[in-house]
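Common to both upcoming complexes is chain A, partnered first by chain B, then by chain C.
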Partner chain A sequence: MPSTLSPQERARRATTGGGSRSAPLPLLLPALVGILFLVVPLAGLAIRAPWGDAWTILHGSAAGEALRLSLWTSTTATAISLAVGVPMAWVLARTEFPGLRVVRALVTLPLVLPPVVGGVALLLAFGRTGFVGQLLDQWFGITLPFTSAAVVIAQTFVAMPFLVVTVEGALRSADRGLDEAAAALGASRMTVFRRVTMPLIGPSLVAGAVLCWARALGEFGATITFAGSFPGRTQTLPIAVYYALETEPDAAILLSLVLLLVSVAVLVALRDRWLRGGVAA
Partner chain B sequence: MRRRPVPVLVAVVIGFGAGLSLAGCSDASDLGATTSGTPSGAPGLDGQITVLAAASLTESFTTIGEQFEEANPGVTVTFSFAASSTLAAQIADGAPADVFASASAATMDDVVAAGAAASPVVFATNSMEIVVPPANPGRVADLDDLSDPAVTTALCQPQVPCGATAAKVFTSAAITVTPVTLEPDVKSVLSKVQLGEVDAGVVYVTDVVAAGEKVTGIEIPDDVNASTSYQVASLARSEHADVAAAFVDFVLSSDAADVLSTLGFQKP
Partner chain C sequence: MTAGLAVRARVARGGFTLDVDLVAAPGEVVAVLGPNGSGKSTLLRALAGLTPISGGQVLLDGAVLDDAGTGTFVEAADRPVGLVFQNYRLFPHLSVRDNVAFSPRARGMSRSDARTTADRWLARLGLTELSGRRPGDLSGGQAQRVALGRALAGDPALLLLDEPLSALDARTRLDVQSELKRHLSSFDGPCLVVTHDPVEALVLADRLVVLEHGRIVQEGSPADVARRPATEYVAKLVGLNLYTGTADGDQVTLDAGGTFVVPDHGQHGAVLVALRPSAVIVSPHRPDVSSARNTWPATIEGLTLLTDRVRLDLHGEPSVLVDVTPAAVADLGLRPGGQVWLSAKATELEVYGPSAPRTAVVPDPVP
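And then the complex of A and B:
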């Protein structure tokens, strides 16, 4: 995960050359087994895919609907995560207050929490009879479960910590001397944040956002628990895959491939960008 | 700070793993399975069997399993309850199991057609009922109220027997119901109603009995109600074919019939 290394550190590693020598066999063999283990299932998808009927199947099933829903909800979840998560990461990394460690542990909890548990928790808080949801219903007539908004909430809950942890790590390892220099030259704290801190952690910010987006796109457990499943409204691509496996396995395979391709495309595209960003900084 | 990336990576693995585990579980001994009873070395039948049973059979089969274990002290029965269609897909993917109890003939037919089971027997039938939270927030009084867009309704997925049977009810009553969610199995529909997150759900009569005070049932008139028949068969892959066959026989026994009828199932 080069994203949380400072540019200086990355440059140092690049010039000293970390491990270009041939690997010893006791390391090489398990590494190969690991690589195969990760790649073989993906190959399984490609091998079993009904390529000939791909177009008709994808056109006939609810694939397009589910893909559109997944794309806009996960993008919205990422936008919310950026708007809230970056300031949160800054507060966690750059300020001191009692209970900071507890807060940090709590906000990163969804990283290790089973998503289904997250979904149950969301339902009990923001559901129609939940302690927050009840008030939303009474005061504004808003009920969240089983809406697309619930999908976004579930995705944000599960995915935002990925962004926060990545950005917070970058903020901690970033050179604070530059911030201090800018402040000494008269920049306000907000200006320092915008003009110095943010560009410094840019690559990590992109990496965190991509991780967050990918996690939101793949969200299943919290979504189906909190938002339910209805085609076009709350049935995201992973949920569509899950049900299609029971009814049309071929469609499930193709939908899985679509998710795989989207994920690969995004990773490839953005990896290139943040590598260049790192070198430029 | 150089150690930071490690927890991130670990978390990525855990996060994705947990997300996928629901979609990927085809192993009958997964978390959803429940074990009951105590194994012992008594003579006669011996061994452990896994029974894949429709979610609506949760209460009845748990009791029947306990009785079967009492009658056969050497036997342990492990259940995995889920939508019949989910279980059928798991069987097709080679789930290690010994008996399948389906909530619909169509789902059992698929399994038989795939060669995974033979000669299934009908052991009960079940019809549908409207279920609402005790406070009845949607003021649901009859079937027609479910077609009101203001009434939020949860149904089963159309391929799940409870979803298919509910669809038959709506067809014969000539109403259109637009649910807010299509749940993976009948117990999920019931829990959404119990939690008060929806105004109504359509579940089996037996689920209303099983839920007791936590929900209110509203009967569907006989002339529009639909029923589904439950079938049981031992699976071809069973490694304890004798125990599996004995369990199937036990499900067809009068003891089991008593358990089933107490919980609201009808005789075939």
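And then the complex of A and C:
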């Protein structure tokens, strides 16, 4: 059946090739439903936000404090995850030892574990009466729970697996031939890691770090269980939102928007440069 | 202390065993020629230290690189060996210059010294203009030169090349081949070139080693190997008919049927007979008077057009491949199924004794 083809559409098909770009209905409808489902709640935030008094409300609440705390704890958690998680990913991807599969399963457990359960587990291990916490208290006089350090620990516990899984996948699919070439050219294993392996998985490393950071920034369950909610010390932005919801809903909406803006800003800043290639790799 | 490379080793990988006894003198270019799966790459990997040997020894300039008996093993990174991989394996994230500077840097040179060394090699290989490029932006021939430069910049005592030209298209290959030959001959140490291409081996090497099923079946000068192939595989590579047979006086009885008469060949017992496809004369009838001593009938099974001649696949005693001109095909009316008479002058028949396959006498490792 003949139909009309606009000159623009003709030009597009001629240059990029391929046929019609319109999606078939059975695919288009669910796709639209999915997009709406993800966008509508966010739009709700923006619509309901008390834009007029935004500044006074935010200023009066603990927003600044909570944001500052959230930013530095999630960044610290990401730094720790990089320092520990990258070597861990390498060991999981490139070595063989008995029980490797069990270790891999345990390491990625926090991905599927309800964060509250993670928080309880952390409390039992590092709490004042926990089997590690007890020793820390006796020997060094350190008590972790309900401190900013506890926030960082909770975030690291929950977020690091995202980094490990991403980097491990990249290490597995990376060309081992190049590592071999580097070794044949006289590079020690550490030099190979530093000068060949790491640069080659760079995009995935950044992608993993961003995922890890985003997860740490949004962390709620494990943090509130293990670190509690003390404004200025352990009350991160998501926890602040949760408490504000009961007392001052307008502040909760604005705090949520702040969290949303920070996340979007980071995603946009990194997406074109790193994320696309990294996630694909 | 013996200068050069001395290998007497066995490498077992799964069901495959490589068992070789091989020496290469300083400055000598040895081509290791063999079909796919013959163990060529395994040999290179063993020499480079990427695969440990399971029996025997690898010595370079008198120093032990690998000894399965004593357990001595020098790691790949610590061997003075330059290896050019089949697909070059250039580092895609480094510039050409940093690729070439990689080995000197990894072996402890300062960054600036390594760059100076790299620049010297780049100049020598005519790559100076490309030094800022990434490997992804190089042509096949350029990448090959960079890979060679990268291996040589580490100042190796032994140079190994794995199928150095196989990644190139036919045209580039010819250009790169002569250039590579020049660079290889200016290298002081022993050099091993692994290839499955006989032309490459003949052009590049001073000496050929033919590897089949993990064993050395023949070694010698390119001319020698080309004239007197020891196995079917080599004969095919160099384009010769090869027969096994038994010599008794002037008479050689071929294992596959038929007899050749070759005076004064000086061999007794088991022999090999090589015959050039172009040295056989094809006639439609039995030649009455001929200077050729060997005449036999055959049936044409197939005709294949090569560039400037036609190759006849002839069944008879013995069967033989014969090259004739396209004009002869037309004049003689040659077609599949046709009967012809073949004759070969005795002087065209190369009769020689089979070379005993050389293998390392390595005791099996204690299980």
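Convention: the second predicted complex is superposed on the first by the 252 of 281 C-alpha atoms of A that agree within 3 Å, B and C clash if a C-alpha of one lies under 4 Å from a C-alpha of the other, contacts with A are read in each partner's own complex, and residues count from 1 in each chain.
Rule of thumb we're sticking to: contacts are C-beta pairs under 8 Å (C-beta built on N, C-alpha and C of every residue); 3 or more make two chains touch, one makes a residue touch a chain.
Worth saying up front: this structure is predicted, and the values here are computed from it rather than measured.
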| item | value |
| --- | --- |
| Partner chain(s) touched by A:L111 [first = chain B, second = chain C, both, neither] | first |
| Touched partner set for A:A184, first chain B, second chain C, both or neither | second |
| Chain B versus chain C as contact partner of A:G119, first or second or both or neither | neither |
| Contacts of A:F220 with chain B and chain C, given as first, second, both or neither | first |
| Chain touching more of chain A, residue-wise (chain B, chain C) | B |
| Which superposed partner A:G85 touches (first chain B, second chain C, both, neither) | neither |
| Doubly contacted chain A residues - partners chain C and chain B | none |
| Complex interface listing, chain A residues touching chain B | 1, 3-5, 9, 108, 111-112, 114-116, 123, 127-129, 143, 145-146, 158, 161-162, 165-166, 169, 172-173, 211, 215, 218-221, 224, 227-231, 234-235, 238, 241-243, 245-247 |
| Chain A-touching residues of chain C, taken from the complex the two chains share | 48-50, 75-78, 81-83, 85, 87, 89, 91-93, 102-103, 106-107, 150-151, 154 |
| Chain A-touching residues of chain B, taken from the complex the two chains share | 1-2, 4-5, 7-9, 11-12, 14-16, 18-20, 22-23, 83, 85-86, 88-89, 152, 154, 157, 159, 179-184, 192, 195-198 |
| Residue numbers on chain A that touch chain C, as the complex places them | 175, 177-178, 180-189, 191, 195-196, 199-200, 202 |
